[in-house]
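In the part that follows, the structures are each spelled out as structure tokens.
Two complexes come next, and they have one chain in common, subunit A, joined by subunit B in the first and subunit C in the second.
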Partner chain A sequence: MEHLIAEMKPLSPVLIVFTGALAALLAGVFSKKENSYALPYIGITTVAFAFVALLNYWGRGMIWLLQGAIRIDSFGLYISAIILIACLITFLASIGYAKRLGFEHGEYISLLLFASGGMMLLAMSADLVTLFLSLEIMSISIYALAGMARHRQKCNEAALKYFILGAFSTAFLLFGIALIYGATASTKIHAIAQVQGLKPLLVAGLGMLIVGFGFKVGAAPFHVWVPDAYEGAPATVTGFMAVAVKAAGFAALLRVILIAFPGTWAEYWWPVFWAVALLTMFLGNIIAVFQKNVKRMLAYSGIAHTGYILIGLVSLGIAGSEPYIPGMKALMNPIAGGMLFYLLAYTFMTLGAFAVISLAARDEDDLETLDDFSGLSQRKPVVALAMAVFLISMAGVPPFGGFIAKFYVFKGAIDVQGMLLASGVKEYHALALAILGIITSMFSVYYYLRVVWFMYFREPLEDRPSVAPSWGLHFVIFASSVAIVVLGILPSGFFSVASRGAEALVR
Partner chain B sequence: MFTVDNCLVLSAVLFAIGVFGVIARRNLLVILMSIEVMLNAVNLAFMSFARQHAFEGGNAGQIFVLIVMAVAAAEAAVGLAILLAFFRNRQTADADEANLMKN
Partner chain C sequence: MIENNTIFLIPLMPLVGFLINGLLGKGLRRSTIGMVACAMPVISFAVALSLFIKFSQFGLECDLTFRQIMIPWIGVGSIGVPFGFAVDHLTIAMTLMITGVGSLIHIYATGYMSHDRSPERFFAYMNLFMFSMLVLVLADNILLMFVGWEGVGLCSYLLIGYWYEDILNAKAGKKAFVTNRVGDFGFLLGILLIFALMTGNGTPSLSFAKINEVIPKFAPVTYEVPVIGGSIGAVTLICLLLFVGAAGKSAQIPLYVWLPDAMARPTPVSALIHAATMVTSGVYMIARLAPVFMASPAALSVVATIGAVTALFAATIAVTQNDIKKVLAYSTISQLGYMFLAMGVAAFGAGIFHLITHAFFKACLFLCAGSVMHAMAGELDMQKMGGLRKWMPITFWTMLVSTMAISGWPLFAGFFSKDEILWKTLEKGMTSQQGTLFYVLYGIGLLAAVFTAFYMFRLVVLTFLGKPRMSEETQKHLHESPSSMTIPLMILAFLAAVGGFMWLPGVIGHGKFAWFHDFLAIREPAAHGAHDMAGAEWTSLALSVALALGASGLSYLVYTRGRSAVEKLAKTVYLTRAMYRFSLNKYWVDEIYEAFVIKPIYYGSIALWLFVDVVIIDGLVNLAGILVKWGSTIFRNLQTGFIGSYAVTVLVGVLVVLWYLILQVLK
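Entry: the complex of A and B
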């Protein structure tokens, strides 16, 4: 028993989060209705403790747990930190908002914590059994969260669509895992890489894994659930879904793809991701242009951001499949670091934007259509300014974090291309992807700035009573916009942390 | 008759039936059941592979089946709750009726 406790110690960030989830559930059951305002603070305290525990293990190298089912390394810790930040921001934003929508219960806090714990475990799992289990802890909690405001029809619908497509994609992922197990007789991610030779079962398994993960991160053509789920779910949940699920999904995808299918295996998967990234960027950005609903527009923009992050994976694949070119290996860590930096910047922009949507609401509904944003600068000048910062950063305009993130990703692709050309390989896939990425991100400037234009140059529509704002939302909006500016002006420190996070996957 | 290969073929067929059910049927309960069929197809595949790897792979496949069963039960519970909330508001269990949100 004592041995087990000692062994589980490095897992303490996850265990603290799960304990907090149970505490919130009990508190929700036993507390009186008028005390329910205190529930988010249980969540906030839990996240703070978990964060301290997590920092404690940063920079201590790899720790294997439970016969190799879990590997605690810089990558898992970095992603866990993003997830905890997202969870904290969601709690702060929920103060007041949850009450307005009628789901100020213990379950809400508890489910958010369970989902976060599952995501952290997902980022740390080194075995496909743990990976599947933590993926489901995350997904099942998020299905329930998406339908949290259960008296709203749109919310029901969002949960329903997310659930059916999510469960459908899980089945694909699971079949992929079964095939990989069949081909390699192992579920350990590191052991799969040792298998020599190309087995058809293994290739089929890889394909199904890509389908399953593609659903989770919202990459085209598996993105159909994203707009409906984002539009219908309550704004705070949508922000959490957009950021944390994507970060956790990418963590699992990167770990499985880069560790189980490394080196020359990349020849098989990078063309797939190349096509997926291209389709994702174009579909996301082009359909976003036609959206009247701001939440839906942000959903499509989230799809587009998935595409940009995938550019990094494609560059890693191209670099990995040409290991004999001198200097190519040295490029891989900065590329992966760029992807992790992108996830961090995306966290603040997206959560900030969804916080504005839930703050600036005028009645019980979320502020959703473009018309609802007209004249926001007159009603709430500071909030409008913050929203402008988030949107301009998403569009990738300097000097904000979003610009630096896109810069790192595109630079990675162009560096790989330069290295290929220098050694005489005349293939232009990496360059093409970078250029098309830059072109699509120019489309995106249009639909982001359109919201800014509505906020600043339109007269407000008829006056509806404005909602009492909560300090939590104000704080979130302020902190996120500061973070975006800091990430944009002083990125090097954060980038070196992200690169250290990536060291666990590619050196 | 019950060779590993035959079981794998059966599993693939079951999985395909499940996929077809999710895509083609409109009743939400039938869609939910089709998803369960897909998960059971996966279980069958795991069991067959576990038998094939009986001497090298340990019992990871069999453990996986138990975990999948537990998770499928949890998923079905949440799924039915979501379906019930939808049904209460709309008095229908038809997937095509879930059409409030459009581009």
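Entry: the complex of A and C
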């Protein structure tokens, strides 16, 4: 027993989160309804403790736990930090909001914490079985969260759709794991690369995994659930889904693809991701153009961001499949670091934007149609300014974090292309993807700035009584916009942390 | 090179004045605003004087440079341009003139602008101008000079349009600004070419010392000229480009058209910017880069020719103008022509000498004109003046002294400086191979001097002598200007009278009374056997004196006694009538520019706007938008909301991925 406790110690961040989840659940059951305002603070405290525990293990190298089922390394810790930040922001933004929509219960806090714990575990999994289990802890919590606002019909619809399609895609993931086990007789992610298994079976398993993870991160054509679920779910939950689920999904995707299928294996998977990334960027950006609902527009924009991040994965694949080109290996860590930086910048701008949306326009609906945003600069100038910062950052305009993030990703692709050309390989896939990415991001400027235009150049509509937002919401909006500016002006420190995080995957 | 850490004070003080009046001026009292604005240039003058004393301690003929590097400014690649100042003899002469004359004009302006609505704005601009001008002059590298160059252009624009309620003033400001852009474009190209040659030579620096050392070595390098054929020397090209800039700033043919229009501004501005300082910066620039220009005789010939032709051309226009400030404006253009003639014959010292004396007498003339306007409630037409001597004795006498100076009466400042230029031209004609050109230029210069004396005395006679032609009402209000205006007038008139004794001609002083010549110490080609040509110099002197006095006397006679005869001549005889028309209408140059330059550009830009911008660019942008809109509509409709169709989409994706991967493995 003592041995077990000692071994579990490095897992303390996750365990603290689960403990907090149970505590919130119990507190919710045994406390009176009037005292429910205290519940978010349980969540906030839990996250704070977990964060401290997590920082404790940063920079200590990798730790294997539970017979190799879990590996605590810089990558897992980096993603876990993003998840905890997202969770904290969601708690803060929910103060007041949850009550207004009638879900200020212990379950809400508890489910958010369970989901976060599952995601952290997912980011640390070194075994496909652990990975699948933690993915399910996350998914089931999120299905329930999406349907949190029971009185809203749209919310129920969203939860149900998300659940059915989620189950559908999880089947593919599980099938993929089964095929890989069949081919290699192992579920250890780090062992798969060394096994000379049945190649067709292994590659079919790879394809199934791509589908399963692609669903979670919202990559086309597996993105179909995203618009309906994002639009229907309560704004705070949508923000959490958009950021944390995506971060966790990318964590699993990157770990499995880069560690289980490294080097020349990449020749199989990078063309698939190339096509997926292209389709994702195009569909996300083009469909977003004519959305009248800002939440739905942000859903499509989230899909587009997935596409940009996938450019990094394609660059890594192209670089990995040409291991004999000198200097190519040195490019890989900055590219992966750029992807992780992108996730961080995306966290702040997306959560900030959804926090603004959760400011009520009407009694209990979100601030979500373009008309709701009319003249926001006159009604709430500071909030409008912050929203403009988030949107312009998403469009990739300096001096905000979104610009730097896009810059790192596009630069990675162009560096790889330059290295290929320098060694005489005349293939232009990396360059083409970067150029198409830039073109599609030009489309995005239109729909982001349209919201800004509504906020600043339209008169406010009369029938929009506003509710005073809570301090937590104000703090979130303020802190996120500051973070976006800091990431845009002083990116190098954050980028070096992200690169450290990426060292666990590619050196 | 001697380090000196007080130089920065010279430009800094006016900047401080600009900030005080510009930021806080609204809340300050009128007297405080004037005090601040005048104190700053005076302090700068004092600092400049202390530097001058340092020079004299080292001995005036000792070639020194004081230098102060403030901060690194631009560092790109191998080149580093500091924010630095350098002061040598040429610079200190310019600086003393700018701060000295500038201070007097500021003091005068406190009286002149006493009824203006927003003096803080006026004085803020004036101080900003002083700052820019001093940066221009003190800069130790050509890039910093360009900053000052653009700064003075901006201030000129702001001050010309100072009374912006009148659309004509605003238009005049715009004209000055746009015309100067043409010149500045040439200047900038010249700087870039210098930069290219300097970096190509492995001496990446833009300081004047380095440029003057390195660029002349490129004299043998030539560039092929595309389209036309032939070739042009690298140094010649640089000099011509720089001269385009100088011609714009210093109002030479063909870029002089802005200066007469710019007379819309308050008169102290005319005196400061458009007579004494800014318009001379082109001359200063050439003198500063003298070794570069010396390396290209072809470019020097162009400079000399343009200068001489401008001198005569502007003088012939000035003869018939009735607007008192227009006469002075054309006179300024004409005198600047003389300075460029001096530059072109490599008599850099003589050119700067004329620049300084011109600053004295032309500033004085403008301020006198301002004094007259002040008394006449803004009247500018000389036909409506006359007999003002009775009411304004100080203004009359100071104006007369300045007029004698500019006309070249013996012993007045303008006589010595202008004659030095003419003599150097003649000397060049006698010594160089292409002598004919310089003989012709000498003739043009003499003729221009005749016109100068004639129109200046016409101005004085029409304004101050004869019978009063203004209304009774106006006569009642006539008065001499306040002492804040007359004292600067007297000081400037004194300088205009005696300023020439800084540099006596060789034949008179035998090289002894020419300390200013020695002081400037700009390397000039040694005069070959000056003593052999003493006779020629005496002849030239005598000729100038005779022509100046003769033309002055003729003018006096014509405008006191024979006005009706002249008017008859201008209206009846065919030849004289044509000449009169040409001169009065300024050779229709503005109309020609309007028809051949401005209108084509205007209609061309409308055509570009309607076709390239509206049809092509907007069309492409709208096309892209329409395509995205179609795409968006199509794809949006695929998102049906039915879960079954979603599942099918995912399934299709799965099948495609698997199909591709299996094919790859089996291959």
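Rule of thumb we're sticking to: the second predicted complex is superposed on the first by the 502 of 507 C-alpha atoms of A that agree within 3 Å, B and C clash if a C-alpha of one lies under 4 Å from a C-alpha of the other, contacts with A are read in each partner's own complex, and residues count from 1 in each chain.
Everything that follows uses one rule, which is that a contact is a pair of C-beta atoms (placed from the backbone, for glycine too) under 8 Å apart; a residue touches a chain by one contact, two chains touch by 3 or more.
Since the model is a prediction, treat every value here as computed from it, not as a measurement.
Once the two complexes are laid over each other on the shared chain, residue contacts for A:S12 go to neither subunit B nor subunit C.
Of the two partner chains placed around the shared chain by superposition, neither subunit B nor subunit C is touched by A:S31.
In the superposed model, A:I140 lies in contact with subunit B only, and not with subunit C. Once chain A of one complex is fitted onto chain A of the other, the partner contacts of A:P227 extend to both subunit B and subunit C. Applying the stated contact rule after C-alpha superposition, one finds that A:A185 touches subunit B and leaves subunit C untouched. In the superposed model, A:Q153 lies in contact with subunit B only, and not with subunit C.
By the touch criterion stated above, A:T45 is placed in contact with neither subunit B nor subunit C. Touch criterion met: A:L174 reaches subunit B, while subunit C stays clear of it. Using the contact criterion defined above for the overlaid structures, shared-chain residue A:I164 touches subunit B and also reaches subunit C.
In the superposition on the C-alpha atoms of chain A, the part of subunit A touched by subunit B in one complex and by subunit C in the other spans residues 161, 164, 168, 227-228, 287, 290-291. Within the complex formed with subunit C, the subunit A residues making contact are 161, 164-165, 168-169, 172, 199-200, 203-204, 206-208, 210-211, 214-215, 220-222, 224-225, 227-228, 267-268, 271-272, 283, 286-291, 443, 446. Residues 8, 15, 18-19, 22, 28, 31-32, 35, 38-39, 41-42, 45-46, 48-49, 52-53, 56-57, 60-61, 63-64, 67-68, 71, 74-75, 78-79, 81-83, 85-86, 89-90, 95, 98, 100-101, 103 of subunit B touch subunit A in their complex. Subunit A meets subunit B in the complex at residues 129, 132-133, 136, 140, 143-144, 147, 150-151, 153-154, 156-161, 163-164, 167-168, 170-171, 174-175, 177-179, 181-182, 185-187, 227-228, 231-232, 287, 290-291, 296. The touching residues of subunit C, when paired with subunit A in their complex, are 625, 628-629, 631-633, 635-636, 639, 641, 643, 646-647, 649-650, 652-654, 657-658, 660-662, 664-666.
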